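A, B, C and D label the chains in the order they appear, each numbered from 1.
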Amino acid sequence: MPPEGLFAGVFARGRTAAEVDDRAWLQAMLDFEAALARAGARAGLVPDEKAETIAAACRAELFDVLELGREAGGAGNPVVPLLRALRAQLPDDAAAHVHRGATSQDVLDTALMLVARRALEPLLDDAEAAAAASARLVDAHRDSILAGRTLLQQALPLTFALKASQWLVGIDEAREQLTAVANSVLAVQLGGAVGTLAALEDRGLDVAAELARELELGAPPLPWHAVRVRPAMLAGALAVLAGALGKVARDVTLLAQGEVGEASEGGNAGRGGSSTMPHKRNPVAAVSAVACAQRVPGLVATIHSAMVQEHERAAGAWQAEWETFSELLRLVGAEAAWAREMLEALEVDPERMRSNLEAAGDLVMAEAVATALAAQLGRGPAHELVEGAARRAGGEGKSLREVLEELPETAEHLGADGLDAALAPEAYLGAASELVERALAAHRKTLDHQEKR
Amino acid sequence: MPPEGLFAGVFARGRTAAEVDDRAWLQAMLDFEAALARAGARAGLVPDEKAETIAAACRAELFDVLELGREAGGAGNPVVPLLRALRAQLPDDAAAHVHRGATSQDVLDTALMLVARRALEPLLDDAEAAAAASARLVDAHRDSILAGRTLLQQALPLTFALKASQWLVGIDEAREQLTAVANSVLAVQLGGAVGTLAALEDRGLDVAAELARELELGAPPLPWHAVRVRPAMLAGALAVLAGALGKVARDVTLLAQGEVGEASEGGNAGRGGSSTMPHKRNPVAAVSAVACAQRVPGLVATIHSAMVQEHERAAGAWQAEWETFSELLRLVGAEAAWAREMLEALEVDPERMRSNLEAAGDLVMAEAVATALAAQLGRGPAHELVEGAARRAGGEGKSLREVLEELPETAEHLGADGLDAALAPEAYLGAASELVERALAAHRKTLDHQEKR
Amino acid sequence: MPPEGLFAGVFARGRTAAEVDDRAWLQAMLDFEAALARAGARAGLVPDEKAETIAAACRAELFDVLELGREAGGAGNPVVPLLRALRAQLPDDAAAHVHRGATSQDVLDTALMLVARRALEPLLDDAEAAAAASARLVDAHRDSILAGRTLLQQALPLTFALKASQWLVGIDEAREQLTAVANSVLAVQLGGAVGTLAALEDRGLDVAAELARELELGAPPLPWHAVRVRPAMLAGALAVLAGALGKVARDVTLLAQGEVGEASEGGNAGRGGSSTMPHKRNPVAAVSAVACAQRVPGLVATIHSAMVQEHERAAGAWQAEWETFSELLRLVGAEAAWAREMLEALEVDPERMRSNLEAAGDLVMAEAVATALAAQLGRGPAHELVEGAARRAGGEGKSLREVLEELPETAEHLGADGLDAALAPEAYLGAASELVERALAAHRKTLDHQEKR
Amino acid sequence: MPPEGLFAGVFARGRTAAEVDDRAWLQAMLDFEAALARAGARAGLVPDEKAETIAAACRAELFDVLELGREAGGAGNPVVPLLRALRAQLPDDAAAHVHRGATSQDVLDTALMLVARRALEPLLDDAEAAAAASARLVDAHRDSILAGRTLLQQALPLTFALKASQWLVGIDEAREQLTAVANSVLAVQLGGAVGTLAALEDRGLDVAAELARELELGAPPLPWHAVRVRPAMLAGALAVLAGALGKVARDVTLLAQGEVGEASEGGNAGRGGSSTMPHKRNPVAAVSAVACAQRVPGLVATIHSAMVQEHERAAGAWQAEWETFSELLRLVGAEAAWAREMLEALEVDPERMRSNLEAAGDLVMAEAVATALAAQLGRGPAHELVEGAARRAGGEGKSLREVLEELPETAEHLGADGLDAALAPEAYLGAASELVERALAAHRKTLDHQEKR
């Protein structure tokens, strides 16, 4: 699990990667052992000073992560060699109290939860910043009109504020859900070999509760070693954020096409250079965010598949989660970082939006004209009239205006001014501005939530 | 989307399938059109009687679903032919008001939400019944002791009540989440061509609100045509339930192995017969539930991948959701139905549990003996002593008891009674009974929630 | 498994769907039983006339597929009720010879292979036609120059013939692989309950060989009931074809954007209409093909996951294959049909290609100028010179030509004619034409292969 | 991409991991640049000595992989910083010839192919060793009889040799396919910015051919930058091998259950220890192999999804392949290493197989008795008779033998000896031994193939 590596600039972007690397896992495992010793002490099972001696040794820098990794093959997980190494650092009378009442899975499951909690901080920070940048775009572009596009075809006009509102709502809903899921699922795991806490005599539940308090994780009603609802819910929430951000990035790659040119990535000089084409400025952030998004669903499918676990500890499915979760957090973290960079520096070109809309011709306004005529003609006849005109315009290479101007119904029911009005994109934006305000209001509410947390 | 078909008995089990079939989709699409007409009427855009005329024609049985399906290729979706057929059923003056202000995606997205809501009812009913059956097993087997198994190896003892509590908690947490997600995401979609509601003049938001009221779906702050957080969250919650049920079914297949024999599927005669082996009684429900679970993660990955949608309507990703969602609901519905049947008729054999545990030998109690000795000997020495004894027992083919009885420490620190106590599985169940009560309490709470909804 | 249904026009396009529907599966299962009876007869185990009596009853139309489907839940598969129904149609002395030596899985696995073989015929036909249409585009557009696009940014020029050659090679390689895989994996499965053929006395291998001959499927060295290499290879080859066709469709959606306009879908009138916007002609075939492609990888992941099967028959993973395979074949078949329609009617606009290229400005030719200057200046200095000029051009809003004309090095080393030449897209197409010929030659070779098969 | 790391002992097992780590990728990228310079020299575009100067600098140890990784974010890939660093190491007159005619994607795609080829060597070695170990098990256990198990229920007997033959055939078919796919798809990529090779004047095709020769990779007819058939086929073949090995590992975890005990993992002392339970010997190799297998399908789905790439270079989908491919190769490599260890040290217990079969009771032999009686009674009546007897035996808790002995038909048609014979598992193994010989013969043939390569 590389915080760094040959592709780190792309897929370990931002601050999340450092929270899911080997050192982070190792420290989280040690945090479990330290907290378990202290919880044991509070429950009267471990002498206080032994607990503190143990806790003092639970620092990642005292251990050789690569050595542990190599030895992980022996027992099928790195806990066994870690315990050996930890005990070797301690006087015998403290060593005897290490890992009291726990099993390997307790260590790794709780470590996963700690790693996730720590990784979600920068990840959600970046997602929030991406949302905030979207909100600024919304705010700044209430009057920037562009062509809406369906099936990649120009359709009716909308404002860029509304387009960015969609981005905003998507990111906000996804990060709110991720926050809510994290609050509900992040919890310690302590069950001992088969989930009975038998090795802790009659203090098992107390130790588990103390452990949760010590690590600031939830205290679940039952150990969840073979019931993977918690990791699976987390994975699903990450997938949703990945998709929401990916949608924004996808739009940016499309808007940045030379033939469209309605947005481009600003940002630091030197970004987006090509190895062969000096003239290009590639939308590197958007492309990288899409690449991250594309890798997420397959990993989430692995986590979902892995829920079907055998008895009290799975023979393969549980183990399949470890690296997969690191990857998931790293990739969604990188995607959030890219999305933030992309949106914070996005350069929007309202003139180009307008000129693209005009170049699309006034056929996109056919629905508006039909609506305007419907008042007098009735909806059916109005529609038929305009549909016919649109067909003729298309066929004869004329504008819709030209065709309409030749029709007696236009003169009679709309007049020249009415036709102008019906063909003006500004006048056919529906509820765009109200929707924009709703999105901004909802966004402010997510920030309030956050503060209250 | 088969409610029936050659494999229906397996994969369209229960009542969910009928809520996601062609007819169900068609009716949901028509429900949208009916509700839209009425919402338009309330907003003053459509004459009341026209709206009622439209609504009266919105009955699936008036349409030829196969014909519509065949024509769906023309526009790339079945809405265009459906509108044609619906208008053909109506007088012109009513036909002109059909689909006012909406676009194809509005129809299909809202229909998806209706279909999901209707399908979730039987699906969640069956999941609740499966949970209730688990709770009865918990209640009935507080004293049934069996071997916990980790990596498919016998480990320490636990009660079957605790094992079933794990099942119960998994199912309950998953269905609670699914219910919560459904409550939050099920909402109408109405945006018109590009999400501005422009064709509804200044009444767009009112119409959208009325539409939501009419269909008893949520009213989202913004249309969500290209922001797929809602369907993606739903898919994720379905995957989690599928996994939670799949875990239970997996355990049942393992417990039902002839060599284990601790549980078997009861149920109606004739179930589980083999085409060649008259003596077999196959765990058909468990196997079928596992099969359903196995198909879910790939479909959910499709939904997650499809979140990256272009601009105001995606060129492929949106369309990929339709049948995939039907499949998802159908399969998780079938799985819930199977899980319910399986659990309601599960036959548990506590004698076999006990005899398997005994056959496993007393080495599984080594940890218990070490814990018992630790009080006098100290944890470290106690562990070493027992580990040595266990190794000798394994090597010499003796029981742990035999080896321990030869050791002076046993006589000194435990005595014969103490050794008996330490080797008794009943005495080494830790917090099993408290955990069981927690699971039952949490289950009762989910039922309370449900009633309050 | 719907050959028809509400979305059939999109996802059951073409002739493949009819080969994977319930009736097709049922007939394939019956074909197995008929062929098994005859194979038994040839091996001397079944009287000839009984075998013919059985075979005569093996017609799908004699059975109620929905009834069988409903009953499939009893044994967990539809074979048990089918055998009951088949025997009920026969005199007792023939009924006694039905299914001799086989087990349910033999029937369904062999049926899967028959279904696949039959479905692959129209599927590969459509893929071949799509390739042929690509080849015609290649042939027709050797001189149509357009902008190559990397990361969706205009880069250097290429010919549309070369672009379509890429499509062609992708489709051809994918269908050749699919054909080769089909030839190698399509085989009967006959093993009896656990793969020993024990119920066929000493004639098991003979019966298996005769069965293969009868059904014109391969005779595998061993039964493969729990070794799923065959279905998994087939699924992988289908995914590759889906991806290759999806790439083409994706390109078409991008070329068909209003702002690009270099290609559009022709085809039958009425296709691509919008429910609200009369002016739009949507690229329905391309969009639908992309939608099909998007659904394939998740299904293939299900098949790959399902390879991990238990012992002599899996408890869930095998059953998960049935409908998944039908879906896979149906979707890739529909995608091939869409791709064929799309490519056969694709309208290409070389003028728009040229004008888009010109509108992109001459910065795209920077590499060409640098290459031209390198002969005299050396590669390094030439590159630096042009890079500087390109930067100035970008910064000052000039064309590259304008900036270059002001530089003394241009006059000295290129001259006016040299500059013209270096800036002409036609002159910077590299090996485009040779590559095009290679693609056409390779295509012709695939046709030869096919004929020889 | 960790060759090492905290979980390396599990998921970077064996020698494959070192071939896919950062250093391996970096060296492969440099190998491309070295070979490109030499190919350019042979084509007369680059002075020979400059080419050799370049090649001499193309050694991974001269570069800082972490620094390159960090800078990879600038251009969205690590090629741009690598070229900068490479040029900085060279005199200007050599630096000017670096990367001549190539684009970033050429470097990374060709590097992917080199990495794959190098990684496949140890991976296929381990898979071959796993097959060889299976073959030895086949050879050694021709007479070890055990219960075949379907849906995890004991069914008819088979030999362990036949069971291991199934494993063998699966592994062999999968590795043969992987080898064949590798031979067909591993090829250089050289196209320049948009696939025309324009920057290589008229020598592009020659350079490409020389490049292929230099790197000992295939020379594809066309560049394949946006046609991902090659990587996708490779991914599919890896998934099939992962599944084939995963099936074997799954069976081993099931056979190693304490209640079954028919096989266990031998191997080096200390493997399989538990952190809490000294008596356990966990099947670590099998569990780890299953864990690897479980992670593969999701990654392959990512590669399949990523086939839908835009125009001449994808905006995200291409980039998504890099790390995913490393993971795939690493995981399947680790799985092959685990499978080899597991099979080479597998301890099989024929006595336990026999005693489990006996404990299952003689009902598993019902089919055999029916077959024996059919000769005289006719198949139908024989079946009914035995089915009735089996039902009575089940109901009354008797053995089948006991019930049959009471029936007059038994005495009349079988006699005591005949009944003994019909109930003897040895006598009802069908074609097991012929099938075993076939598997061994097919295995030997794969070895011949290999030698000829």
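The working rule: contacts are C-beta pairs under 8 Å (C-beta built on N, C-alpha and C of every residue); 3 or more make two chains touch, one makes a residue touch a chain.
All values reported here derive from a predicted model rather than from experimental measurement.
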Separation of subunit A from subunit D in touching-chain steps, minimised, is 1
If I rank A-C and C-D by number of C-beta contact pairs, which comes first? C-D
CA centroid of subunit C to CA centroid of subunit D, Å: 24
What whole-number Å value describes the gap between the mean CA coordinates of subunit A and subunit C? 32
Pull out every residue in subunit C that's touching 2 or more other chains. 76, 103, 149-152, 155-156, 192-193, 199, 249-250, 253-254, 274, 276-277, 282-283, 287, 290, 293-294, 297-298, 300-302, 305, 315, 367
Within their complex, subunit B touches subunit A through residues 76, 92-93, 95-97, 100, 103, 105, 148-152, 155-158, 162-163, 165-167, 169-170, 173-174, 177, 192-202, 204-205, 221-224, 226-229, 232-233, 235-237, 239-240, 242-244, 246-247, 249-251, 254, 290, 293-294, 296-298, 300-302, 304-305, 307-315, 367-368, 371, 378-380, 383, 428-432, 434-435, 438-439, 442
Going by the contact rule set out above, which residues of subunit A touch subunit C in the complex? 147, 149-156, 253-254, 256-260, 274, 276-284, 287, 297-298, 301, 305, 356, 359-360, 363-364, 366-367, 386-387, 390-391, 393-394, 400
Residue ranges of subunit A in contact with subunit D within the complex: 1-2, 4-13, 22, 25-26, 65-66, 68-80, 83, 99, 102-104, 192-193, 199, 249-250, 253, 270-277, 282-284, 286-295, 297-302, 305-306, 315-320, 322-324, 327
